[in-house]
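Several structures are given next for inspection.
After this come two complexes, each holding chain A, first together with chain B and then together with chain C.
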Partner chain A sequence: MGQVMRRYGTAAGMAAIVVFFAVALPDTFLTLRNWLNISQQISMLAVVAVTMTVVMVMGDFDLSVGSMASLAGVVAAVAFTHGWPVWAGVGAALAVGLLGGLFNGLLVSVVGILPFVATLATLTMYSGFAFLMSGGKTIFGRDIPAAFSGFARGGITLGATDGRPLVLPWLTLLALGVTAAIWLVLEQTAFGRRLYGIGGNAVAARLAGVKVMRLRLLAFGFTGVGAATAGLMYAARVASANPTQGSGLMLTAIAAVFLGMTMSAFGQPRVLATLAGVVVLGVMDNGLTQLHVDSYVRDVVVGAIIVLAVSISAFGRRATGG
Partner chain B sequence: MGLQAIWNLGEVLDVIRNTILTAARRALLATVATAFAATAALAAEKVAVITPYLAQPGTQFYVDAFKARAAELGWDVNVIDTAGDVAAVISRMEDVVNQGVDAIVINVDPAQVGAGLQAAADAKVPVFGMDAGTDPLIVANVTSNGYAMAAETSVYVANRIGGKGNVVMFTFDPFPPVQVRGVIAKAVFGNFPDIKVIDNVTPDVSDGGIADSRAKMEAILAANPEPGSISAVWAAWDQPALGALQAIEAAGRQNEGIVITGIDANPQARDAIATGGNFEASVAQDFAGIGRTTADTVAYVLGGGTLKQNVVYVPTKLITAANATDK
Partner chain C sequence: MAQLRGAVQVVPPPSSAPRQFAMPDLILSDIVKSYGAATALDGASLHLRGGEVHALMGENGAGKSTLIRILAGLERPDAGRIEIFGRPLGPGGAQAAGLRFLHQELQVVAGLSVAENMHLARPYPRRLGFVDWGALNRAAATALTRLGLERIAPATPMGALGPGDQMLVRIAATLIADGGAAPWAYVMDEPTAALTGAEAERLFAVIDSLRAGGAGILYVSHRMDEVMRLADRVTVLRDGRSVSSRAIGQTDQARIIHDMTGREIATLYPDRAMPGGTTRLALESVVAGPLSGVSLEVAAGEVVGLAGLAGTGRGALLGAVMGAVPRQGSVRVDGQLLRADTAAAWAAGLAWIPRERRAEGIMPGLALRETVALPHLARMTRAGLVSRAAERATVARLAGDVRLKAQGPDQPCAELSGGNQQKVLFARALAGDLKVLVLDEPTRGVDVAARFDIYALVRGLSAQGVAVLMSSSDLPELIGLSHRIAVLGRGRVAEVLPAEGLDEAGLLARCYAAMEG
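Up next is the complex of A and B:
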């Protein structure tokens, strides 16, 4: 019984949330248009959360992802103001993401600082770089090429309803692509299995010949690139960049991974479970907005749901002694 | 036969789904839905107000006044604060468009929420700006007239010094809303043959603008040591005016009759003006008026009216020692 509750309690809760909105909003919630909207709205969070999963598999964290997302947007925007083509600006931002991620990995694995402390420090550093590069201002308008911001507005047209086009957004497809890639890496490669091994028992993994230091370093690289990708998606969506715009992503991404962990077999972070966590958070935002629920009440409700899901999972674990 | 089985299965699933949905709908209607039904009055105009900046004092004035006017009009208003997250403004715009609101009011730079404006335009939902900025996809932006505010204070200065004397200007051209103020002040002073603009300073605003303005003003005072060699300081916003005031007082030249004016009438400026010192005037925007006028503008358009202009200005008020402490 406890086992069942632990495995499927969260899934049942998620289904209940969807049913609730479907009933309360019969005309608008279960429409394809609304779900395409939701998919686009959660695409940035999905990329951050899914790549965050890579380090959380080892029991680590990356608190710097929000700052990195802001920094990546600013790097691209500043590159654009200097007349760089879109591919070069995007490439520079992703390179910064990779370097920043590897630097986190270096501090955690080679130097041996606790991830919480190391990435808290780099959070501050990357945020400082973002302020320095942008001069604290929002970069927008003619400085942002239409080809860049257009990516976040476009997609594959599926058809039309009510005289409005139905579009499968590029942002959604990008998030799905990143999710698929990380799923492959974590679930289908030796690299991924070793990361889970480190998460299970780092000492045992090292004794078994796993190169723990190198793997941890690389894992943080994934998270850095993911954060930078999300930052670029955000910058494209708002057609501007400012040094704080990504800061909301970090805590929400960690919350999504935790929410997902309550669904997986041994309470481990899993990519698809993380994605489910992201979807729930997105659905809550979308549904509660349509139901007129006050923005501040919305925050309370979302937090309470996370507490509830993790509590049920904890009870389930105690009941099964697992 | 296989196809038939799948077909039947699909039908069965549909029946199950419909049964569950119907049952759930009934249960919900009996319990929770009444709460929502109470807020969603039938036939009322549904208007969403979306801002990332609700925590800022000015925004609260707009929103409260907007809600008060909307209540008189019998509207169903949904105020959404995204707590600084501009991308979330786009998401929430998409949500309320999908929900079928009659109008959206935003309080954010339209250049940053183009995707949301497009979603609203596709669904033919009109979007209004409440001190937001202009955009082809915004029906009208309701705001204060920066040209008029600068005219108020520059004419105040010119009249106070009898159309004669040396004036120091503090302007800031990189920020368009402030740049227009400087343009007007220059034109006004240029129209008085005996007024001479001896310095036009662009202060460094990275520290808030007061400290650097004070330093610049100290240098100007040192370069013009004769009493009466500076008649007035005109500042395009309050911070440089406060910095200039500090410099004049620190130099012990507060009794030379140097007239200082600012714009915005922030609390610190109001305090300085109320004491009756050199800082004599500023201009207050009517935030509540902007909120009320936005509601009236939305009502006009929803009632079938067409606006020719895409900016609606709300009058501002000159603040002097006579009314600086009024609320």
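Up next is the complex of A and C:
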């Protein structure tokens, strides 16, 4: 019984949420247009949460992803104002993400600082860099090339309803691509399997010949690049960059991974479970917004759902003695 | 009665108290317990009397732990009776009825003093609402003295004591009254698992004095020599049933093993194969931990045992060979110099079975095929992707060799018994191109049948030309398996003895001699 609750409780909860909104919003919720819309809304969160999963597999986490996302957006926008082509600006932002991620990894694995402390410090640092580079202002308007922001508005046209085109957004496809790539890395490569080994028992993994220090460092690189990618997606979508626009991502991403962890037998983070967590949070947000629920109330409801899911999982674990 | 201030009293030794009742005793009869489809206990019975040490033996999975959990009130039996003094024991009544439980994994607060640890589960003595430190320490000291532990000062931080003394402090703590019934029975689950020989001796002395005072002790252990020495009576569980209960004088080691396994084990240690001759593993001037320069060679097919008193660096030497502990000096495998890191060691054909299975070997959530594959992933990938088929094939190939009992390659290690987890680690060691096997206490916490499987396995590997370097605090095992035994002392190898013809007492004498230099 406990086992069943633990494995399928979250899935059942997700289904209940979808059913609830389908009943409450009969005309709009279960339409393809709405789901394409949700997919675009959650694409950035998905990229951050899925790459966050890489470090959480080892039992670590990265608090700096939000400020890294902001910094990456600002780096690209500043590059554009200096007349850099789109590929160069994007490349610079991703390079900053990789370096920032590897720096987190260096602090955690080589220096040996707790991930909470190390990434709390770099959260502040990266945020400071973003403010310094942007002068604390939003960069927008003609400085942002149309090719950059156009990407976030475009997509593959699937058809039309009510005279309006139905578009599968590029952002959704990008998020799916990142998810597929990280799934492949974590589930199918030796690298990913070693990360699960470290998460299961870091001491035992080292004694089994796993290069724990090097792998931890590299894993943080993934998270850094993921955060920068999400920052670029966000900047493209709003055609502007400011030093705080990514700040909401970190807590929501960690929440999505935790929601996903409630679905696996031994509480391990799994990419597809994380994606399910992201979808739950996205569906909640979309449905509650359509029901005109106040955004502050929305925060309370979303927080309560997370507490509920994790509590049920904890009870299930106790009941099965696992 | 020593009357102290506050609520704290020290219970007088049972022997000095006039016996108002007949000898206290505890009867468990026909206990049945299942978890879903799996039957853990299927008619287990036991009769513990005051003034005896009663050994409970059985293979891993025979139901010992379940029986103890039921006795402690942590689980409810599906059927059966538990009686103390002829009265039924209600759920959770074990503590009140005078039973005390000591588990192999100690729960201590390292930062608090010995006296505070002894009072953790009971009210601190107070004066004017504040802790009365004097009374607290005096109560602790009185209890410690009762067990002859005057050398442990109550104000010492718990973390400064070794695991043996921590265990003794825990026993002493049960002598401090807490308002419930005075303790008369102790349940000790593998109490010596984490203790050195000398620490175990002190524990045995305390057990003797508790028994002399009229207490009953239910003693769970895998160590046959301890049981033969300590116990007055042995009850054996097999497949959840009690198959025999005999006075120690009416049984012997072979009979107990027969009862536990249901089969005869003709000889515990299979014959040694002759070593091949060429040097596989060569250590030169290795410096690590307490070792100041160890040189040692192990030939192909040879088993070299490491002996030495606690703290002589047996574990450090094994760790240094594997590159898990920083080292100086050189380690060569088949003449090739080895880098000091664990990945290089596995790649060169070394494999090790760590001492602490749970802390250093097993990742609970990983499937056993994933655990087996972990050090060998580089060889199990196709086009960068891990081949699950290769992993399953490896497990299928090795499961028979190590006599692994599991549902399948995808079963999580957490669901396996200790002996089977150890076999998973052996399978992991065999999965590569094994040249040198490093064993640190290979049969710790492993039941007799699994132990025999492991001995046979080590012998078989030795016959195939694998060099084995092992450390074990079980001296008969060390002598029985090794070709040669290196005695460590004062930071180096004091002497290397042929194992043939060596006996336990003789080896122990050489270990002490090695400390004198």
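Methods note: the second predicted complex is superposed on the first by the 322 of 322 C-alpha atoms of A that agree within 3 Å, B and C clash if a C-alpha of one lies under 4 Å from a C-alpha of the other, contacts with A are read in each partner's own complex, and residues count from 1 in each chain.
Keep in mind that, in the parts below, a contact is a pair of C-beta atoms (placed from the backbone, for glycine too) under 8 Å apart; a residue touches a chain by one contact, two chains touch by 3 or more.
The structure presented is a predicted model; accordingly, all values stated were derived computationally and were not measured.
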item	value
Joint occupancy of chain A by chain B and chain C, clash or fit	fit
Following superposition on chain A: angle at chain A, chain B versus chain C, Cα, nearest 10°	140
Which of chain B and chain C A:Val111 touches, first, second, both or neither	neither
Touched partner set for A:Val307, first chain B, second chain C, both or neither	neither
Touched partner set for A:Arg194, first chain B, second chain C, both or neither	second
Residue contacts on chain A - larger count, chain B or chain C	B
Partner chain in contact with A:Gln290 - chain B first, chain C second, else both or neither	first
CA minimum distance (chain B, chain C), superposed complexes, angstrom	32
Chain C-contacting residues of chain A that also contact chain B	none
Chain C-touching residues of chain A, taken from the complex the two chains share	184, 188-190, 193-194, 196-197, 199-201, 203-211, 265-268, 322
In the complex with chain A, residue positions of chain C that touch it	322, 324, 341-343, 345-347, 352, 354, 359-366, 370, 373-375, 377-378, 380-381, 384-386, 412, 414, 428
Residues on chain B engaged by chain A in the complex (per definition of touch)	20-21, 24-25, 28, 32-33, 36, 39-40, 54, 76, 78-88, 90-92, 94-96, 98-100, 109, 111-115, 118, 122-123, 206
Chain A - residues contacting chain B, complex	19-20, 22-28, 31, 33-34, 37, 40-41, 44, 135-136, 138, 140-141, 149, 152-153, 162, 164-165, 234, 237-240, 244-245, 248, 285-286, 289-292, 294-296
